[in-house]
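Should a chain be cited, it is by its letter among A, B, C and D, assigned in written order, with residues numbered from 1 in that chain.
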Amino acid sequence: MPYQRLNQIEFNHCDPAGIVFYPRYFEMVNSVVENFFADVVGRSFAQMHLGQGNGVPTVRIEAEFVAPSRLGEKVFFTLEIVKLGGASAEFSIRARLGEEERMRLRLTLVWIEGGRAAPWPEEMRARMVTFMEEAA
Amino acid sequence: MPYQRLNQIEFNHCDPAGIVFYPRYFEMVNSVVENFFADVVGRSFAQMHLGQGNGVPTVRIEAEFVAPSRLGEKVFFTLEIVKLGGASAEFSIRARLGEEERMRLRLTLVWIEGGRAAPWPEEMRARMVTFMEEAA
Amino acid sequence: MPYQRLNQIEFNHCDPAGIVFYPRYFEMVNSVVENFFADVVGRSFAQMHLGQGNGVPTVRIEAEFVAPSRLGEKVFFTLEIVKLGGASAEFSIRARLGEEERMRLRLTLVWIEGGRAAPWPEEMRARMVTFMEEAA
Amino acid sequence: MPYQRLNQIEFNHCDPAGIVFYPRYFEMVNSVVENFFADVVGRSFAQMHLGQGNGVPTVRIEAEFVAPSRLGEKVFFTLEIVKLGGASAEFSIRARLGEEERMRLRLTLVWIEGGRAAPWPEEMRARMVTFMEEAA
C-alpha cells in the first residue's frame, strides 16, 4: 500500500482563478515527503536539519497537472518509491479526488551528509526496502 | 471553550534560522480562521468566494511573537471572538506548545457582500453568538 | 536573445539549510513567465484573469535542480520558447549565477478561454513567433 | 527621506478574490526590511544568518490593511525608523499606490547574537542614527 496523506485545499493555496497555484502543490508534495520520512523512514526533517547537517534535497521533478483542484476540496496524496539508489530515491506521488486524478509526479532526492551526497544510512535504507516490499 | 487547531511546523514554514518565518504564522492563522468559519459559522471560504462575491478580508492585525517555534513541533492554536460588530468581528488567536506561549494576536475582519462591508447574515451572526456564549 | 530576469534570493525563499526551498523556485519561475507575457506577448496576467476568464495554467513541468542557490545571491533567469503549439507553449527556463547553472526546466502551459483550452489569439501568437525568430 | 522600495503585485501574491493575500504583504514587508539592512545598515541577512548566528527576528507587528491591492499594480513601500532601542528597532512601513494608502504597519525587531537579544553593534547603530537624522 502506498503512503497516504489527505490535504485540504485552503485559501492560502489558491490563485485568482480559485484553483491551486502550482508552486503550492509542491509545498504539499514536500509536506508529504517530509511526513513520509518521519513516519516510515524513522528520520524527521528536524532530526536531519537541526542535527548533523543532513538533508534530502530534491534534485529532479517531473510533474503533470492533470486537472485543477479547487478551494475547499480534500485531495488525497499517495507516495510510492519507484527506485532506491545508493544515495538517492525516486518517488511517484499522485494527487486524486475520488477517481479523478489531479496531479502526478516523479521526484528524485538525494541523501546529504556534511554538504554532499552520501550512501543512505543502513537503518533508513532497511526501512525503505521494507516499505517497498510491503507496497509490492 | 475556544476553537482549537493543531499545526505541525513543517519545512515549508521555517527560515534559515530553523524557526517559523513570521509570514508563515499568518498563513496558519488564516487557516485557523478559515476552518473556524467552515466548522463553526457554517460558511466555508469556498462558499463565500466561489459563490456570491462574499469574503471576510482581514483589516487589522496586532501580533506578538513571544517565542520561536521550531521545525517538527506541533503547535496548538486557539481562537476566541473578542468582539462581534455589525459587519465585523475581532478574534483573539494564540499559539502554544504545552504551557509555553509562542504567539498571540488580535485580528479584525469584515463581512463583504458585492465588494463592500455589509451586516453579517442572520444565521452567521447567530452561530457566532452561540459560540461566544458557549465559550464564556 | 532569450527573455531575461534577475531574481535576488531573499530570506523568504530559503529553507533551514539556507538555500532556496524548491517550491520558491517555482514562484520565481511563475514570475518570469508572468513578466514575459506582460512584456513580450502583450497580455498581462491581470488582463487575463480579471478580464475575460483567460489564463495560462501550467500543465507540465520537468525541472532539474543542478546546484543550490543561497541567501543573498542574484540569480539570472532566462526564458526561451521551445515549441509553440496551437493552444499551448513549451518554455525552457534556466537559472544561473555567472557560469554556474542552478536550475533548468521545461514548462508547458495552455491558453484558456472560458475554462477550456483554446487557440492562441492571433496577436499573442504573432508576438511569440516574432520573439522566437529574434531569439534564433 | 524614508527608505523606498517598489513591489509589483504578482500572481503569486493574490488570492481567489484577485487581491493581495495578507500573509504575502508580510513577505513583501520582510523583503523591504531585508533590503534596508543590506542597503542602509550595511549588514545583509546573508551575513547575519550564514555567519555568526545573528538575526533580526520580528517580535511585534501592528498592521492595518486600508484598501486592497490588485494583481498587476506597482505598490510603493516606505520604511522609517520610529524608535531605536538598545537592542531593538521599531519601524513604520507604509504601502501606497499614488495617493491611495493600502497598508500601514508598525514592526519591532530585535538584534540577536548567539540566540539572544544583544546591543546593536556600534557600526549598525551609527548607520541607523544617520538614517534617522537624514530622514528628519
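Methods note: a contact is a pair of C-beta atoms (placed from the backbone, for glycine too) under 8 Å apart; a residue touches a chain by one contact, two chains touch by 3 or more.
Worth saying up front: this structure is predicted, and the values here are computed from it rather than measured.
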Taking each chain's centre as the mean of its Cα atoms, which chain lies farthest from chain D?
A
How many angstrom between the C-alpha centroids of chain C and chain B?
34
Starting from the mean Cα coordinates of chain A and chain C, work out the distance between those two points in Å.
24
Taking the mean of the CA coordinates per chain, how far is chain A from chain B in Å?
28
Residues of chain D touching 2+ other chains?
11-12, 16-18, 21, 23, 27, 30, 49-50, 71
Would you identify the shape of the chain contact graph, picking one of line, ring, star, complete or other?
complete
Contact residues on chain C for chain B in the complex?
11-12, 14-18, 21, 23, 71
So in the complex, which bits of chain A are touching chain B?
10-12, 18, 27, 30-31, 34, 38, 44-47, 49-50, 70-72
Interface with chain A, chain C side, in the complex: residues 16-17, 19, 21-24, 26-27, 30, 49-50, 55, 57-65, 68
